[in-house]
Amino acid sequence: MFGFLRFVTFSVTRGLQGLRRNGLMTLAATATMLLMLLLLAGFWLVQAGLAAGVQYVEQKVEIVADLHDVAGAEGSLTVQAVALAADVAALPSVRSVAYVSKEEALARFRDRLRQRGQVDLTGFLDRNPLPASLEVKLVDPREYQPIVQLLQDRSRVVDDVVEVQKLVQQLTTVTGVLRTGGFVLLVLVGFVVLFIIVNTIRLAVVARREEIEVMRLVGASDAFIRWPFIFEGAFVGLLGAAAALAVLAVASGPVTDFMYGFFRILPLEFGSLQRDVVLLVVGTGLGVGVLGSWLSVRSYLTR
Amino acid sequence: MFGFLRFVTFSVTRGLQGLRRNGLMTLAATATMLLMLLLLAGFWLVQAGLAAGVQYVEQKVEIVADLHDVAGAEGSLTVQAVALAADVAALPSVRSVAYVSKEEALARFRDRLRQRGQVDLTGFLDRNPLPASLEVKLVDPREYQPIVQLLQDRSRVVDDVVEVQKLVQQLTTVTGVLRTGGFVLLVLVGFVVLFIIVNTIRLAVVARREEIEVMRLVGASDAFIRWPFIFEGAFVGLLGAAAALAVLAVASGPVTDFMYGFFRILPLEFGSLQRDVVLLVVGTGLGVGVLGSWLSVRSYLTR
Amino acid sequence: MTTPTILRPAAALDPSPDHAAAGTSGVARPVVALRGVGKVYPNGTAALRDVDLSLGEGEFVFLVGPSGAGKSTLLKLLIRDELPTTGEVILDGRDLARVPRRKVPELRRKIGIVFQDFKLLPARSVRENVAFALEVTGTPRGRIRPAVDRALAVVGLGAQADQLPPTLSGGEQQRTAIARALVHEPRLIIADEPTGNLDPLISWEILQLLLRINELGVTILIATHNAGVVTALRRRVVALEEGRVVRDEVGGYHRDD
Amino acid sequence: MTTPTILRPAAALDPSPDHAAAGTSGVARPVVALRGVGKVYPNGTAALRDVDLSLGEGEFVFLVGPSGAGKSTLLKLLIRDELPTTGEVILDGRDLARVPRRKVPELRRKIGIVFQDFKLLPARSVRENVAFALEVTGTPRGRIRPAVDRALAVVGLGAQADQLPPTLSGGEQQRTAIARALVHEPRLIIADEPTGNLDPLISWEILQLLLRINELGVTILIATHNAGVVTALRRRVVALEEGRVVRDEVGGYHRDD
């Protein structure tokens, strides 16, 4: 027990000494760690923003079914439409169904024209040419096919399922590409980061093979040789992570403002983003530091 | 002359020997170089794409001046409008001016409605409610103010300068942010790349301080000490650059297809992109390799 | 070190005939035994050929022979830094080739070794280099400091305790290496050319010290070219030549003086 | 190296009295002169104090003194590896402190130096280590190979030419260092403890070699603890003690033998 305590004290002390003694190496490794962690965090944030944006857009995807528009039969058609809406809403893949009446459709159309600064020509109309419609929102926009089918089958009520196929397909392709692309990029950057940090630590350890050699010959057990280096690697990782978090904290104000201003249009839900970033940065820093040291020392021990 | 040839041969030979002898170091440095160059090239491409996109969008920015619409006075107004168009076109900050007649405006409006799948209500109209207009494209969209002024002054011809202020402002803000942000990111990534490669090479040289020490003591002149390392750094840089270009060449097919599909909407002009990337990658690799070696060796020479 | 008086070998000698008489056979339980040991390095150099040797507990033995004869190789086998190509090396009754890797550090801790090339850590002070051997083997903090101070005093390095090895003279570096080998009070001391960089005076002092330690029952094996010392002490001398033991008897550096 | 015959010093000696008589004043034009030289290292150690010394062209001088006396420091001053704190070091008529940094390599090329810690490159073979000194000073390729082979033969390392230093015995490393110092046929040879790892036989052979080279007019300065060699040769001996020259005369290692 005492022995173990002594061992830990020894390892931590030696690890810290190593940091101080190998100034250049420590600096190089820590700086590399910092930059790589920033890169990783940056990519991760962009990826998270992208994912949130994509999700938001997907939520907006809806199937619109224009209903038959027979003058005089409005009453009975409305009843049938409401029944259909209830049927559709019962499907598990449907998030919500909204019935848009003819009047509401015209009001929306006018709004849109006004918003876009286009000329409102509806004043010249003698009757409302817009049909009533059902707007169906989906849980997963890729599963639109069965719902479109159902709506088209009710041809007594439904006049036309508006352009939904092409639109949804395009959108899901785009968002899928963005999602996958972002993830692939994140993984790639992650590998680059891992590789470069491990490499830097390895170089730092190579420069101290003499020390390992002497420890071996003097009768130090593997644990006594390995752990100081591992602690040293862990310290480098934590230092780099702390520095990276500090930079992120300082930068987060302006960046958030900017992002917020830029993406104002999308009310994105970032949820536990902050906690995730801290975990990512600290975890990667620590993990890579320890892993790098472990690997580097191992090749000198197994002789 | 012979001496110089011998010197170069010596340096190149030693440089190559150094590469072979310091296997791990060379590998680490080259791999770091490769990854960093890929990162740089990737960022540069994204930045180039962004810049091209922004430029395309900016080209589309135009000032639209609706002209007075007095029934019966069309003839005289058209003459005045053409005269105004000529005046505006003479301004240096104007790229082009187009006169859009009432008929053309209506045709365009119908086209737009059709494209968007909206209901064409224009059939119900008894007369063309759209005014003729002047569409002015700018060399630099940020310089819209004087032109707007000029158009508004001619109030005999010009009825209203359409929403141009807000729109242009928003757009130029967005594109400016994208441009600056992209550039700043590119510069940051560039620094990260420089720093990490120089660091890696420095570590590789530190591991060989003994060699430099012996050369010094044995009476080698600074040039004989320095140049083998510089050639070694240059080789590492070129190796990394060649590997990066190979990766880019292999990846370019699929990536271009994807990008093309994705950005189909924007007929972007990439121009000499390929040549630029080759120059960037090779130049950076070589430059950083040489610089890193130079800096690293120098600190051992100036003692 | 500052007194130019010369300690004459005869005046300093403690003949202790029981050690001197130990001879080839190793009267006491053998601490070290080599049986038919051959060592061929990967590049084909045969550094040792069919060496038989046994050191009894408490013996004091010189290992001599021309440059390249295989002395350092033999010492490296004893700490399992190298493994023999043929034959077996037995330390404390155990065949080193059969000791699992995990147990090797334990064995090495019983041995104090002075390397021919010192193997000091350039970034650590003299004191830290000596303390290193204790720290990395888990010695309690409180015991390290006094042990290190004692070892440094014994080799006359008190004043240089805080210098770094690159700022030491050759002899000071060698004495640091010796102090490190002594500091954990090993039962077997192996010294490879421990006086090559030392003036005759300090060489004699170091040997006096080793003799005193030997009297406490510690086995000592010294590879050396220092003919004067070897000849004057008339202890057991094992002579190697081209990897073979060509002589093993009490006597001087050369067969006939 | 394989013949166990012992070359007795007397048998090997070429007394050449003109050198032996050179004495303190340096009859010939002084190649090396130290005037009131003091050296205090940054940590405060005074390694040399007010040293005056002059070596004439073609002299053969031993530098002796206890460990830490300042011998290596003195040698380092001669190749401008260190600068003196006070006084001047004059090499070939030039004050080393005034030689611009750019000119230093040229000066060093005229000197062959054997370092106490060898300073061999571990990743290069023996042959390459020796060739290194020629290559980095711009010697034409064609002249390197024969010169290196000659130097290696002279120190008896022909067989080990392609080994790396870490796979050499201590003595072989030392001989590699000696070969490197000789290979460019310098006009001044400075050897710091060149026989510390060598057996008496090879030590004598190396000294014979240096004596022969000295006869060709090369000035030679050797720092050593090898009392036997110094005493047998009866050349000029400069003794340092605590950084001061305490003796400078023709004689042995100790004042009174």
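The chains carry the letters A, B, C and D, assigned in the order they are written, with residues numbered from 1 in each.
One rule holds in what follows: a contact is a pair of C-beta atoms (placed from the backbone, for glycine too) under 8 Å apart; a residue touches a chain by one contact, two chains touch by 3 or more.
Remember, predicted model here, so these are calculated numbers, not experimental data.
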Would you pick out the chains that touch chain A and also touch chain B? none
Which chain's mean C-alpha position is the greatest distance from chain B's? C
Quick one: chain A and chain D, Cα centre-to-centre, how many Å? 69
For chain C and chain D, let me know how many angstrom lie between their CA-based centres, rounded off. 29
How many angstrom between the C-alpha centroids of chain C and chain A? 64
Sort the chain contact graph into one of these: line, ring, star, complete or other. ring
Those chain pairs meeting the touch criterion are A-B, A-C, B-D, C-D
Note: in the complex, chain C contacts chain A through residues 79, 81, 102, 105-109, 111, 113, 115, 119-124, 132-133, 135-138, 140-141, 180
Help me check something: in the complex, which residues belonging to chain B touch chain A? 24-25, 28, 31-32, 35-36, 39, 109, 117-119, 121-122, 124-126, 129-130, 162-163, 174, 177, 189, 192, 195-196, 199-200, 202-204, 206-207, 258, 262
Interface residues, chain D side, partner chain C - complex: 1-2, 4, 6, 41, 43, 45, 64-69, 71-72, 116-117, 160, 163, 167, 169-175, 192-193, 196-203, 225, 227-228, 241-242, 253-254
Contacts from chain B onto chain D in the complex sit at residues 2-3, 6-7, 10, 14, 21-22, 210-211, 213-222, 224-225
